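In the two complexes below, chain A is the common chain; its partner is chain B in one and chain C in the other.
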Partner chain A sequence: MNQTAIEFSKSIERNISDDPLNDPNYKTVGEVTVPNAAMTTKNVDVHYGDKQAIFNVSLDVGRNEVLSMIGPSGCGKSTFIRCLNRMNDTIDSCRIEGDIRLDGEDIYSRNMDVVLLRARVGMVFQKPNPFPKSIYDNVAYGVSLHGLSNNKSELDDIVEDALKRAGLWDEVSDRLNQPGTGLSGGQQQRLCIARAIAISPEIILMDEPCSALDPIATAKIEELIDELSQRYSICIVTHSMQQAARVSQRTAYFHLGKLIEVGATDIIFTNPSHRLTEGYITGRFG
Partner chain B sequence: MNEGHIVTRFDQELEHLNSLILEMGQLAINQLTEALDSLANEDTEQAYNVIARDSKLNDLDSQSNDEIIRLIAKRQPVARDLRELIAIGKIVSDLERAGDEARKIAGLTIRFFEPGNKPPSNEILTDIHQLAEYVCKMLQLSMTSFSEQNMKTAGKVVRRGLKLDNQLQSIIRRLTTFIMEDPRNIGHFIDIVLGIRALERFGGHAKNIASHIVFIQTGEDLRHVADDEFLKSIGKH
Partner chain C sequence: MNQVALIQRGLARRYRLEKRFKTYGLTAIVCSVAFLVFLLGTTFLNGYTALLQTYIAVDITILDSDFDGDPSEDLLSKGDYSGIIKRSLREAFPEATKRKEKSELYRLISSGAQYDLREKVVDNPELVGQTATFWLLADDEVDVYMKGRIDPTIPEKKRRLKDRSIAWIEQLRNQGRIKRNFNILFFTNGDSREPEQAGILGAVVGSVFTILVTMLLAFPIGVAAAIYLQEFARKNRFTDLIEVNINNLAAVPSIIFGLLGLAIFLNFFHMPRSIPLVGGMVLALMTLPTIIISSRAALGAVPPSIREAALGVGASPVQTVLHHVLPLAMPGMLTGTIIGLAQALGETAPLLVIGMVAFIVDIPSSPMDPGTALPVQIYLWADSPERAFVERTSAAIMTLLLFLIAINGLIVLLRKKFERRW
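What follows is the complex of A and B.
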């Protein structure tokens, strides 16, 4: 029985407090806040023109945690993650309300330098998008742009360190001057991660980072995510529930623009509280 | 959650596994019933048949385990599906062991009524029959609870378990009196006590299965809690 999310929602028995579709005051199941959060979001609404894409979402990103966001297509998880470094600013019709703070600082305030914000909250996309430059320049570009090195030798060190932390150094150290676009898909994605971490972000956002990669390259990225979480907070949007289960400590389940449930990944994947979460992760709708 | 999976083949595989479990449950119940018949009819041939048929339960045990491993590897279940597969693995073990206990009752028939052996008086066999009927009903209820995924029925199994403890105590008291009255038949009494112990274990497996049903439904592990706490937990859902 192949069902859409809406059909599934209508089919299950529940009372109004359990009904995210019809309850305008629906309250997320689970603890949305964490102590000493790197980023906090409160009551976030997002509209694309007249259409509302995100409804009253509050969710904190903890320090050094991997937070995965899952949900059916169109549930708003990518829209939400793109609010966290103002990537939605580039869409004219997009309107964002609510409170989003990085280390207590309102990222939508007039004083916020968006370029600096995106350095502090880096992003890795679905499809690897290296610049049409050499491997070295791909990593060095952001560092130079933000003036994070004083001389060439310091820049060399930063590039080497970033490539090492991205697990790519051993594979590219002898061909740093070759184009980044000549690398394999998995290597390109790790190059993009190296590029993001070279400028020492606090948070790395990953929007389906492995969906264009083969299983081995995916495993390398997942291993990398685990290592990177020692130093950074990571938010990952993924369609692969197994990936969310493997890499994250907390999981947030989105459904039709609402944050249905959030909790420890171990609990979400063994005993979720909300029937929509259960229905989605067990493959009863999607 | 009764809604089917998008991958309907997974539902079919789960249904197939469930049917294996129900078959095992029915077989374990039949084994105990036949073992009792053999005891009542003093029919050693029937008792040997019960013992021989135990291998069928062992085969179903292996088959179900293979199926569970295959499903975990192939479908990577999570949440209720994962709990269901893990719990079914345990239910399978309980049913296989329940079958072993039934085999022990068939063993009593052979020990008592094999030509050349001295049969016990009917009086001391009464308890075995009553107790067996009682624990058989417990397993029947457990299997109903499994097929309907009904926690209320699982609760009935636990309630019967509470009464079972009382029954056991009164049986042991009565047997002690018999032993004191006629110590020459102590060998029979020991066999009867072992038989009662086997039936108590049979009921214990039925109770375990009831706790596995609750685990599937709620994720709560109630195997090691007191019966009244078990019933209280069920009441919450």
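What follows is the complex of A and C.
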């Protein structure tokens, strides 16, 4: 946890009465639900062993919207986003309570198949992580895994389409058999996005997708996010407030495992309601 | 300025320290290389003569009467070839008249020569009734003398080859009736009490079967166990206990595994003694911890981001492991397997306990036939009193080393194949 964040929290403990950090029934400022949501979460608690990482978070992901999640390090935004496609299942000590629904289906119910869920909710990670295979195989892997193509030419079309939508086709079309790990960092990340969209998910989760990239590569990814939001719902965790402001329609501010405030991005950044949000936005800590 | 002076004052000492450590390292390497050269050098110098074998030319007349006057095919193989050789030797050296002298004369030729002669006569029955020169396998003492390993100046009482025999050998040498050929028997025969007839093939075949069984058992079981423990098992007290025990097993002396094999495979399951199958199973038990530990390390070294990437596109955990993690971990796993198999190949103690130390002349034709293994053969020969077994011991060591290099080479090739080029 960030040292300044703790100090700031302490100062708040002293100064304000509606103390979100010690109040177990803290209610998020702003409207957490949206009409016709792609994904809804209600009262989510996450524990790592004895330590609680997420406190009673409710937040909906709207259709074809870009929802950004911001907050200081260790505030639980990555943990939260990883709950949405059950990536936290891989961590033995992780326990998740609450209600997370994709199109009204409880994703933690016994009937939900994790493989199917992850095909519907794709993910792009912080560090570009292409498979040590060719560019083509990277994109084709998920497609053939789920049997989404009937033959080679159909697969070729899907791969080409995904690479085009990820804005990578022009750069790699002549070297599809080259290793994906040989690309530059930004290209690798776009390859990972192509890999995610090749299986046509409904929602794409992005966990700090630009934190390992230079500004030019970042700009390309942001442009891409904008385009992708025409077809997909996107959840993006980011450390950069400018990025959140540029790409998202809605912003959620997390602090020490609690969802402090959520609202339209322009309002959050210009006129935040909560002191903690304001403190973070204005750069008093972060 | 003051700080610069302070740093400079210490610099000389730091460089000295660095130099000293470099010297230590270099000395260590020079020492180990010297030991290795010494070891390989003495082995080679002792062993290369085993590649040559002495033969003695004897004029042999084969008579009809040797076969009761009826040299039919059936009787040819029943003839007294030992007697024929002895008669021919008596004719060549008529001066040997006393019983003791004669028996000394007979000892110049290996007891195995009669079988060689029989084979030649059976193959070519026209030899009966003729006199021909045959090159017969010399006795091991003659061979050792010819190789200059017996000093004729030491008192006669202290050597097995007497002065009279030496005189006969020198006489033969002067007549050009003694020669050294490539010792093909060493590579085609099984073990024998007679050094000149003893070969390595039985032990090589036994080792091949043993290692095959070990590899076929230990590699899949070890890799499967490692994958389960590393990728699927929940981390709790029970898996911790298993992990600690696997680590402990890796340090258990090999003879304990031999005793375990004796108790379980032989006494409980009543499997036959001395067979490579049981040897391989025991060595597999011994090798398993090594393979499991190194395979787990190799799996652990695969970056978690690859697992996340695969899970993220909807691969099931097993698909994630089989498609992505396992191929990346394979080179490391094979390295562990090399170490384990090399260890198993050189292992003697557990094989002694399950009876692979038995004296077996036949070459095993399956893992179910009684056999021995190279290290055990080395142990057996090193333990034999005959002088000629010394060079054979060294030659067997060289064979074992070659075998080891071959197996390592094979696995290095496999590893190269699995290694990702990027």
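Here is the rule we go by: the second predicted complex is superposed on the first by the 277 of 286 C-alpha atoms of A that agree within 3 Å, B and C clash if a C-alpha of one lies under 4 Å from a C-alpha of the other, contacts with A are read in each partner's own complex, and residues count from 1 in each chain.
To be clear about the criterion, contacts are C-beta pairs under 8 Å (C-beta built on N, C-alpha and C of every residue); 3 or more make two chains touch, one makes a residue touch a chain.
Bear in mind the structure is a predicted one, so any value in this text is a computation, not a measurement.
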Discussion item. A:F269 in the overlay: touching chain B, chain C, both, or neither? Say first, second, both or neither.
Written reply: first
Partner touching more residues of chain A, chain B vs chain C, is chain C
- Message: So in the superposed three-chain picture, is A:S153 touching just chain B, just chain C, both, or none of them (first/second/both/neither)?
- Response: neither
Considering only the touch criterion stated at the top, classify A:G279 as touching first (chain B), second (chain C), both, or neither.
first
- request: For A:C192, select first, second, both or neither according to whether it touches chain B, chain C, the two together, or no partner.
  value: second
Thinking of the overlay built on chain A, is A:N25 touched by chain B (first), by chain C (second), by both, or by neither?
neither
Task = Go through the superposed model and pick first if A:A245 touches only chain B, second if only chain C, both, or neither.
result = first
Chain A residues contacting chain B in one complex and chain C in the other none
As the complex stands, chain C meets chain A at residues 234-235, 303, 305-316, 319, 323-324, 328, 420-422
Interface with chain C, chain A side, in the complex: residues 85, 87, 90, 92, 114-119, 122-125, 127, 129-132, 141-142, 145-146, 179, 181-182, 192, 195-196, 199
Chain A contacts chain B in the complex at 1-3, 8, 11-12, 241-242, 245, 269-272, 275, 277-279, 281-286
In the complex, the residues of chain B that touch chain A are 1, 3-8, 10, 76-83, 218-219
